[in-house]
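Both complexes shown next keep subunit A, but they swap its partner, so subunit B is in the first and subunit C is in the second.
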Partner chain A sequence: MTEVVTTTKEAALAARISEAMALSGVVGDGHAAQQYLGQLPYPTTRLERWKYTRVARLLDFEPQSLPETDPPGQILPGFNAHRLVFTAGKFTAGTVVDEGKDGLFIGPVSAALERYPERVGALAKSGFKSSEWFAAMQASAPQDGACILIPEGHRSDQPILIHHHMPAGARAAQPGHLIQVGHGATAEVVLWSDSPAGACGLMNGSLDASVGDAADLTLEIVQDEAGKGHHIGHHHFTQGKDSQLTVRTATARAHWLRNDLQITQGGTGANSTFHGCYLPNGEQFVDHHTRIDHAHPDGQSDELYKGLAADAATAVFNGKIMVHKDAQRIEAYQSNANLLLGERASVFTKPELEIYADDVRCSHGCTTGQFNREALFYLRSRGMTETAAHNLLVQAFLAEVLDGFRPMIRDHVHAVYAERLGWT
Partner chain B sequence: MSAAEDNPLLEEFTRKEYEFGFTTDIASDKIPPGLNEEVIKLISAKKNEPEWMLEWRLDAFKVWQSMKEPEWAHVQYQKPDYQAISYYSAPKSAAPLGSLDEVDPELRATMDKLGISLEEQKRLSGVAVDFVMDSVSVATSFKEKLGELGIIFCSMSEAIQKHPDLVRQHLGTVVPVKDNFFSALNSAVFTDGSFCYIPKGARCPMELSTYFRINEAGTGQFERTLVVAEEGSYVSYLEGCTAPQRDENQLHAAVVELVAKDDAEIKYSTVQNWYPGDAQGKGGVFNFVTKRGICETRAKISWTQVETGSAVTWKYPSCILKGDGSTGEFYSVAVTNNAQQADTGTKMIHLGANTNSTIISKGISAGNSQNSYRGLVQIGPRARNARNFSQCDSLLMTDTSGAHTFPYIEAKNPTAQIEHEATTSRIGEDQIFYCLQRGLTEEQAIGLIVNGYAKEVLNKLPMEFAVEARKLLSISLEGSVG
Partner chain C sequence: MLQIDNLHARIGDTEILKGLTLSMGAGEVHAIMGPNGSGKSTLASVLAGREEYEVTAGSITFDGVDLLELDATERAVAGIFLAFQYPVEIPGVSNINFLRSALNSIREQREEEPLSGKDFLAKVKACAQLVELDGKLRDRSVNEGFSGGEKKRNEIFQMAMLEPRLAVLDETDSGLDIDALRIVSHGVNSMRSAGRSFLVITHYQRLLDHIVPDHVHVLAGGRIVHSGGKELALELEDKGYDWIVDNPATEKA
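Our next item is the complex of A and B:
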């Protein structure tokens, strides 16, 4: 036996994470990803997609193998949903729905792989995984995640809530969730991730969804993570002809977070809506990278990301609209608005358009600024304190995104923001 | 159905020959291709430069050797072989000229063809022209008249001889040698360019203009322009460029530095019409240019550019808003056709308080071209109450062309106000329909709409150039929509 010599720091990090994953149980085959992981560069600020996102410190991350904890408490207790709970990448609670070979399946990926390997196999293959280090890392040692297979024409009557909990301590987790919505089917999914104040681990998770022809998927992502953890999320969607996709992301609380959202419209007449909001304060860091590929004609997309950076926090937004050759009659709108409130806060945004077809209507708008002085003056003249007026304006600013969530989630995110920024 | 089939005018446009593609057959002094320390020493010796200038060049050459050619721009091209270029070419009659009448008649004819008859200019338009052919300045008009005001307007080599202190004080302060690959190359081998100095409080009474032309085959053009506007002064500077039609790619790597001291204003306009290559993308000029200005307190720098030529453009005229209350402006129309590629935009770097910048960029893509806007707006932590407005519009003429926008917005001060908006579309059918039913032909309608589209920028050009720019644009506009 020859001893494996790890020469680079990133190879050592990959080895440490893989080892931790192996201990908790890898679900699926990561061999292909391991191949290209070794060839990919570890992100540095010299790489365009990581220009503002520093991950050098993560190179020293040492995942600890800590004892298993009790399942987390129920979130949104009044919410009538089919619940699947995962703790640090392991399936810990929830009932499995299995209606046979071509029927509805809601459960962990591990069970789906055992029962229907052919249905699950093709889902997790995203080209992105062969081009980005952290995505390849996740794919090379994937953990369990939710698997939702909605058969053709099925209209689910109940939303599905995927709850991923990251317990305290320096743990590593690499959950991989899979969603497939069949022809003409509809599904509503909530992806919820949380962690307690003592968490300081690395959450490097993925979600791959395929939305079939004329299908409709609504996904609400809530990230409510206390502690000092790092979270890198890879969310990939492919859409069929005339399909509808809505993704709303609320970063309610995060110490250091990077979201990569990618949508590929793989059929004509697809419609995508993706909205998001973020509100880092203190020394927090939130980075949203989005990309939509209009690969076929007659597609539409509507993107809206709003956020603010307070204190010494950093907010990053990068949105790319790509209209491929011959993808005519595309209507793509992108809007990004930022409030910069802290003396030492920073906002970096890069709204990109790359267009190779001529009959398109594409636009993006991007603003960075402060409160409207007149609005502030109006509220003050009505007897509000400056803080109360600020808070009201922030709420109004975020409402455009938050109001799109179901009321229960909207209220929760609102309450978290209120607690963090001291709204009354 | 392609646009060209049902529109004869578009066909005419896409076949339109490059108007300035002639070569001038005059004897020239050209050194063999290749780049090494000896060549740099030779250039410096030919120009009879002082020792410090040679040292500066050699240092720059060392820096350049350690640098890599950048690849981040959204353009694809065969990298030039830097050893196959001749770094010095000058029309033979390089003896000092007493008056314009002594200029080589062939050269005079060239200028006439380019529409910059020095005589005419002298009498009618009151524009002082510096004409740079193959990197060497051959004629500068109106020198005495400017001299009365203390304004220095001459070629860079003359400035190095006659005003070494001024050159030494400012050269490389805005665009350092190490700034990028092409600025380092330029610093090592630049052969000429224009130098302009406006003393304190002077208001330059006429437009200063430089006309650049690459004439010789197998040469590159590396000119260096330095404009220094002292406290409270004003100058408007124009620059035009053309090159003959050749099958090979010619390299143009210029550096332009502007220094605007307190309360000074510099207006810098460019009409760039280098040879763009033929319809298949063969030949054409690689235009890799570094242009940057620095603004002291309450100073203003305004860049206006009309970009219609070059096979590949890589150009970001920028403003460093160092002083409080300074202003930067960037107005651009970039037209690409056939196989042209352009990656152009600006950088507005706000360092001082109450700084203000405006960016208006209009891209028009036709044929198989790729047209990108790339811009940076950076608000530093000390730039209180900085304000930026950016607007980047793209107009697509064909379904084989591309229009791209890559804006970078970095804010580090909570008092910053930044707005950016970009749209991409083709000419609205409803707009054309409206014009048609008012009795206009389709070509007139398109001309009207696109002219209106670019008007915001064209209006910023000085009158003399606006005419040329409109003419250039109109060639590209006629019926280029299907």
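Our next item is the complex of A and C:
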């Protein structure tokens, strides 16, 4: 008798990743998500949400079990922030702030779960894990991540910097970060991911944030990855009544990146700003999929993504605005502008508006174009070289998004772009 | 200083300049007038090196250099400045940073030292005063949200900053009210010097009351069909172009 075991390629991939996560230490309970994982299809380009985003080659990904590395070097050395550092999904540096069971907590999820399992268990979790294979994968074998619990009325005076580092080699990492901003509280968080040139792994991470009534969260996401790895990020936000959320995403450098960002306005009068910029060149691939749900009246959203694709790079943008039946008098603005800088570069952009309320103001615009020739001639006629004029126009194009970041981050991202595209 | 011989130029399949010949000496102000569609703006564009225009015959020599061999940047470095008929709005590029880049780019290509921050700002102040350009406008994005008059003053401001050897003013008077016209003309007149020439392209004689030319040329059908002194502008204002354009016999060199 021979026993025949058949398994799908995605099940085999899931088993390999789960095994790697088990070796490094799973934080939390992944059982519920495992059930979804078995049922969800592995993404292919036949699925609308993955039409331009190929993950077939990841089916062959073999996570390597590699020795632990030293914590990464400090990023933004002059930045006065509470720092939490994670290396391939493990907490590797940072101090824990713990002010008791209803108080401020800043530390790794592992410590929060140990001390306040109920508090952590009650946090809102994204719906991605029931609809997206990679999100279900992450949730079924989550690693450590930052846990930031800001109690009611607390106004944090120091930003919190979550630094996730992917070391060299074909590692897998599935960090899960949790943020809760209580009623009337404020927080500023920076989520920074980086990797060295030798990294070629899979980073499949999540961030779930809930912004309470009248609370204010500003999150700056910086992706500065020099490696050749794949990065899939699931960012999910729920907002209470009269809350304010600002998410700025700068893809400074990435080989292959998919960002999912979803915001649910779960109370009246919520305000969401989400801006992003990206600049893939060479053979790089950057994909931003966003969705905002206006589920209650009197909310506002302002979405602005700008980017350019150079050489043979590909940029994808998909922005969905869902206005539910009761969401009267909301205002939703969306804009995506792209520059194409290479004959083999591609941009795929798609706005999706679904409006079920009748008294709303929505606008959207997607543009993809080349340089304004007249502007280029104008600059050159004043003595600028063609290259310098090009660079100035690119910088001007991105400034609308980049200038929204704190100056230290703006300058860093600008410097990375300058290095990559040879700006002077 | 500038010698244009038998210049033929086209855009797409349309030939616009058909054998234009013009000679300008250093320190001279020449006015080009002519009916709509005669090729006035094409001449300005070809001089500044706009790539959409193709020169099919003829030559342009500037200070002994074959201008047609130079691209737009190199022409600016050589000392040619075009004041645009329609200055371009460039959101996100600050007027001042752009000018600093442009000025230092020219200096670098001429193998000169960059201007110090202090000297640059002193120059900005002096040149802005010349055309009464508001500080706020200097710091805004290039031409963004400027009125028509402000855009033209900004052109003359840039001209003053870059100190060209040859300034081509392409219908700088269009869209100007009488005050702006006076300010712009004052800026130009203050820049007149023995080493600097101006080619003033205009529809109307009005500008030439303020910027008094040494020579006036009539451009029609892609060629200079008539030339004269400053009094020719008045004559054209009075009699129109028909008496010249319809009667090639009146043409003189």
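In this section, the second predicted complex is superposed on the first by the 417 of 424 C-alpha atoms of A that agree within 3 Å, B and C clash if a C-alpha of one lies under 4 Å from a C-alpha of the other, contacts with A are read in each partner's own complex, and residues count from 1 in each chain.
In this text, contacts are C-beta pairs under 8 Å (C-beta built on N, C-alpha and C of every residue); 3 or more make two chains touch, one makes a residue touch a chain.
Predicted model, so just to flag it, every value in this text is computed and none were measured.
Considered on the superposed subunit A, subunit B and subunit C are sterically compatible, since they fit side by side.
Legend: residue contacts after superposition of the two complexes on their common chain; A:Arg344 is shown touching subunit B, with no touch to subunit C.
When both complexes are overlaid on chain A, the residue A:Glu374 reaches subunit C alone and has no touch with subunit B. By the touch criterion defined above, A:Thr385 reaches subunit C but does not reach subunit B. Of the two partners subunit B and subunit C, more residues of subunit A are touched by B.
Of the two partner chains placed around the shared chain by superposition, neither subunit B nor subunit C is touched by A:Phe134.
Shared-chain residue A:Ala357: touches subunit B; no touch with subunit C. Between the C-alpha centres of subunit B and subunit C, as seen from that of subunit A in the superposed arrangement, lies an angle of 70 degrees, given as a multiple of 10. In the superposition on chain A, A:Phe274 makes contact with neither subunit B nor subunit C. When the two complexes are laid on top of each other via chain A, the two nearest Cα atoms from subunit B and subunit C are 13 angstrom apart.
When both complexes are aligned on chain A by C-alpha atoms, no subunit A residue touches subunit B in the first and subunit C in the second. Taken in their complex, subunit B has these residues touching subunit A: 72, 381, 394, 396-426.
Residues 48-51, 71-73, 75-77, 81-82, 84, 87-88, 90-93, 98-99, 101-103, 105-106, 109, 141-142, 158, 162 of subunit C touch subunit A in their complex. Looking at the complex, you find that subunit A touches subunit B at residues 48, 325-326, 328, 338, 340-370. Chain contact summary for the complex, subunit A toward subunit C: residues 372, 374-375, 377-386, 388, 392-393, 395-397, 399-400.
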